[in-house]
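Each of the two complexes below includes chain A, the first together with chain B, the second together with chain C.
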Partner chain A sequence: MQPDSREVYHDGVVKRLVQFSILWAVVGMFVGVYLSAELIWPGLDFGQFWLSFGRIRPLHTNGIIFGFGVSALMATAFYSVQRTSNVPLFMPRLAWICCYGWQVVVLFGGLSLLAGWTSTKEYAELEWPFDIAITVLWVCFAVVFFGTIATRRIKSIYVSNWFYGGLIIVIAMLHIVNNLAIPVTYNKSYSLYAGAQDAIVQWWYGHNAVGFLLTGGFLGMVYYFLPKQANQPIWSYRLSVVSFWAFTYTYIWAGPHHLHYSAIPEWVQSLGMAMSLILLAPSWATMINGIMTVSKAWKKLTVDPALKFIVLALAFYGLATFEGPMMAIRSVNIVSHFTDWTIGHVHSGALGWNAMITYGTFYFMVPRMMGRELYSVRLANIHFWLALAGTMLYILAMWGAGVSQGLLWLSIDELGEVSYSFTDIMASMVPYYGLRLVGGLVFLSGTILMAYNLLRTMYGRHTVMVHPPEVIDELKGTRHNPDAVMGAPAANGTEVPA
Partner chain B sequence: MLFAVLHTPGVIFREISQGNSQVIGSVQKLTFFLILLPPVFAWIGSTLFGWRLGTADPLYFDNTTRVIISFFYADALILGYIATVLLARWMTDTYGVQGVRLESLFAFFTVVCAPLSIASCAHIYPNIFFNVLVLIPCIIWSMNLLYRGLPTVLNIPPERGMLMSSSLVGWLLVAFVSLLGLSAGLWTYGIGPTIGV
Partner chain C sequence: MKYHGVTLHRKLENNMGLLIFGILFVSAIGGLVQVLPSIFQDSLRQATDNSHLYTAVELTGRDVYIQEGCHVCHTQQVRPLLAEVERYGPFSRADEFVYDRPFLWGSKRTGPDLHRLGGKYSDDWHRVHLLDPRSVVSNSIMPAYPWLEENMATDMGDIQKKMRALQTLGHPYTDEDIAAAPEEIAGLTEMDVLIVYLQILGTGLSEEQR
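Showing the complex of A and B:
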């Protein structure tokens, strides 16, 4: 069936989600900077409970992961699934409900964390009323996304949609299982699990939230926006599909590496370590696929700041996905665990990979949706160098702090007692935290520049009306070479406004 | 030659690019000296001042442990240097470079690493934060040399050079973090500071 000439892609909801994502990025990163300042000057909480480290730390992580990250994932999933399926969004009103509903949950969920409501589970701190709201909204997201795929006009399901689909299904499963609890009041519940079982379920959730949301979802972004930006087909489509299934199969087992040397069975720890090491293969397959794709588009680097972000994001993706399995090795983990090395590792992924790939994608997507040039390419280039400098400062400071802490926690005297107290060690970390604060401020200032640049690009404009293009017979057939999808502008790329 | 490498790296890059065997040979002679500096400085620092982790007491090791640590450090640097050159050679096809000479790449990476190697004199005072502070600007300097020099040495457009340099930065970050992981593993097995494991 060919598209109706009255059909248009629903990009208004995409634009709104991008705006919310930018807002949460600035807010979440500002909170992160404030947190790092509190570790240097603890008096910055001014004696207020709601400003204490324990309350604003989950605000930072939830704001970044669910506010910035998920809003960006919804925006890019809605944008790309229409174009790879050649149909407008299924149930667009539900997409709008999903968009605004999600922001309400992030806003009030954040306030509830400041008020001290917490389930105490890392990255799943929100209490049961929010868990139910998230479940309902996630189902809405799934209906819109899979409904669009079900009504597609192209036979094949492009690989980016596999990753977005994996994100939606696995996060739903993790969220529901990990948050099963008995509510006792409107703001307090107790987990159905206890002791070591609770820990295993929590880190099955925690690690796979990193895996399927912060890695898998953002790989969906890479697989659509990188070939579009580079105007090249994926270097090896087959490798992308193989790495998807290997990634999906392997990641789900790796969670126990968060619980090394704990009360869980040793074989479970060893299994988690082994699967973490195997995970390096699909992770690097994707990195190589991305680097080889972009290597053919070098001429665009002169004029295209978005591509620079994507190239750098791939380098940090390679770093983070190597460092993670290495830190899962038990003899390394005993030194690195409970130190700032872990914080550095998380931020080499969060800043270097997640934020950079999102920035690159936004710089690509916003001018095309608005039908005008980016407000300032110069500002985007400045942003690139600020982002790189901020990330490097951050992770170098945390590597230094982490290695020092690892040695100091484990240092024992001749009587076999610990040589240094916790407070002494923390006091000696202040110089590193100062360096981390500088890195965070540099990164945040770059994000504010991007916010200004993109909002000026959007200012006073509606999204361009884009009609689904005619589908050529080759793509409607039973089988075709999927590489052709992304590399053939005539088939799939006519949405780019002149 | 060391002064020229640090002061006028652009000239050296052009000479390497033109295959000037005299310059390439001189730079290669520097390699041996530059690669030994960090472990030697580390050995001197740990002997004179001990490792200073920010708390009151420095950590002192016996001489055998200091030699073993310095030996592993030197090994890791030599392996990392050779691996980086071979990896760069392997990458050249992807970035449209034909027939690059291996000795040119060895000379190029010696120039790139020179600021870091000289800055390793900070190891004489092995306070981790002091070392981080000294090495950060030198890392930036070395990265700048990598991004500027690679297109010149390989005779490729700057944009292609940027892509290849970024791939190499990814590799170097991985190599550095491997060094951290390897160190932590060795400490766990009793080589290095005594830790309660």
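Showing the complex of A and C:
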């Protein structure tokens, strides 16, 4: 079926989601900076319960993951699924409900965390009314996304959609199972699982929220935006598909490495460790595939801020997915567990990988959607270096803090007693925490620059009307999506900025 | 045979329903093999001499601990390592946690582990420490919790509803326990109940296992 000439891609909702994502990025990172300052100057909460570390730390993680991260995932999924299916979004009104509904959940969910409503489970802290709202909105997201694919005009489903699809399906499964609880009042519930079993279920969820949301979903971004921006086909389509299945199968097993030396069965820990090591293979396969894709377009890397962010993100993806399996080894985990090393590892993923690739896609999409060039390439380049410097300072500080904590905690003197008191070790962290604060501030200032740059680019313009291109008969049956893989210039109606 | 994988791939990439099913199936295997058996493992869920059923006051104190996010900086999981047993006490056993909904093992030790905290300090020490941590631990970076003295334990939600919910989940509360609960927490502040909870932490472990 050929597209109707009046059909246009629904980019308004994409633009709005990008704006919300930027908003939550700034808010979430600001809260993070504030938290890191509280660890140096504990009086910064001014005796206010809602500024207390234990309440705003979940606000930081949830704001970043669900506000910044999921809004960006919805934006890029909606943008790319239309263009890889050659059809406008299925049920665009539902997409708008999804967009605004999600922001309401993030806003009120965040406030509820400040009020002390929490189920305590990491990245699933929100209490049961929010869990239900998230489930409903997630189904809306799934209907729009899979509906668009179901009405596609290209025979095969392009690989970026496999990753977004994996995100939607697996997160739904994890979210529902992990949050099963008996509600007591509107703000309190008791988990269906207790003790060690609760721990196993939670880290099956927690690790795979990282796996399928912060990794799988963002790999969907890689597979659409990297070939487009590099103007090169994916180096090996076969490798992308093989690593998709290996990734989807293996990731799920790795959760128990969060529970090494705890009171869960040892075979569960060992299996989690083994699978974590195996996970290195699909992770690096994807990274290599991405780097090889850009290898014929290195020159573009010197002038194109979007591509710079995407390629740097892949490098940090490689770093974090190497570090993770290493930390999952029991003998390494003895040192790293419960320390700031874990925090550093999370941020080499969250800052270096998730935020960077998201920034890359924003610098890609916004000029195209607005039909004008980026307000300032110079500002985007400054942002790039601030983001890189901030991330490096952050993770270097946390490596220093984490390794010294781990070793000092375990240090035993010749009498068989612990060498250092806990509080002395804790107090010696101030220089590292100071460096981390600087790193966070640098990263945040880069994000604010981007917010200004992109808002100036969007200012006073509507999104350009983009019609789905006509499908040429001989392309209908091909495996590879012509738009995404060949890196063809965007469809009629858009001026691709040089 | 050689082309088997390729044909399956062609089917998946052209059939959305099949692709969705494939993702669900492949991602579910790990949970079914690794997580599900643990859910049915009796040694992880059955009460023993080491298990302690929280009283109404302790349960409310635990909910204060949760509300303030103490678990964000404190673990409740002593690992079976020499240095940890030296520093904190006996390592944590699974049967000590069978009444913990949710589990509070934590993932980050910004402050020390608390699983064997019970009985190590006096109630007064805890009160002063929670109101002004640096007055008793000079280099502490813990926040102060002045509002705990002002809020009443009854503000933490209907204690009888909570105990009934836990009863449904198999916690052996008697109807008398539940009937007496409101009176037990009446007049106590959030600070009072939190300290009661802190003082029983890790004390359930039977003598022969210490």
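We take it that the second predicted complex is superposed on the first by the 472 of 498 C-alpha atoms of A that agree within 3 Å, B and C clash if a C-alpha of one lies under 4 Å from a C-alpha of the other, contacts with A are read in each partner's own complex, and residues count from 1 in each chain.
FYI, contacts are C-beta pairs under 8 Å (C-beta built on N, C-alpha and C of every residue); 3 or more make two chains touch, one makes a residue touch a chain.
Owing to the predicted nature of the structure, the values given are computational and were not obtained by experimental measurement.
Looking at the shared chain after the overlay, A:A196 reaches chain C, while chain B stays out of its contact range.
Judged by the touch definition given at the top, the superposed model places A:L410 against both chain B and chain C.
In the superposition on chain A, A:R55 makes contact with chain C only, while chain B stays out of contact range.
When the two structures are aligned on the shared chain, A:S336 is found in touch with chain B, with no touch to chain C.
Chain A is touched at more residues by one of its partners, and among chain B and chain C that partner is C. After overlaying the two complexes on the shared chain, residue contacts for A:A397 are found with chain B alone; chain C is out of touch. Shared-chain residue A:E122: touches chain C; no touch with chain B.
Of the two partner chains, chain B is the only one touched by A:L435; chain C is not.
Contacts of A:V418 after superposition on the shared chain: both chain B and chain C are touched. Of the two partner chains placed by the overlay, only chain C lies in contact with A:L271; chain B stays clear of it. Residue overlap on chain A between its contacts with chain B in one complex and with chain C in the other: 334, 410-412, 416, 418, 424. Contact residues of chain A toward chain C in the complex are 38-40, 42, 45, 47, 49, 52-55, 57-58, 116-122, 146, 149-150, 155-157, 162, 165-166, 169-170, 173, 177, 182-185, 187-202, 204, 212, 241, 245, 248-253, 256, 258-259, 261-265, 268, 271-272, 275, 334, 337-339, 342-343, 405, 409-412, 416-418, 422-424, 426-427, 479. The part of chain C that touches chain A in the complex is made up of residues 9-10, 13-14, 16, 19-20, 23-24, 26-31, 34-35, 38-39, 41, 44-45, 63, 66-73, 75, 77, 79-84, 86-87, 92-94, 96-112, 133-134, 137, 139-147, 157-158, 161-162, 165-166, 168-169. Taken in their complex, chain B has these residues touching chain A: 51, 53-57, 59, 94-95, 128-129, 131-133, 135-136, 139, 157, 159-160, 162-163, 166-167, 169-171, 173-174, 177-178, 180-181, 183-185, 187-189, 193-197.
For chain A in complex with chain B, the residues that touch the partner chain are 287, 291-292, 294-295, 298-302, 308, 311-312, 314-316, 318-319, 322-323, 326-327, 329, 331-332, 334-336, 341, 392-393, 396-397, 399-400, 403-404, 406-408, 410-412, 416, 418-420, 424-425, 428-429, 431-432, 435.
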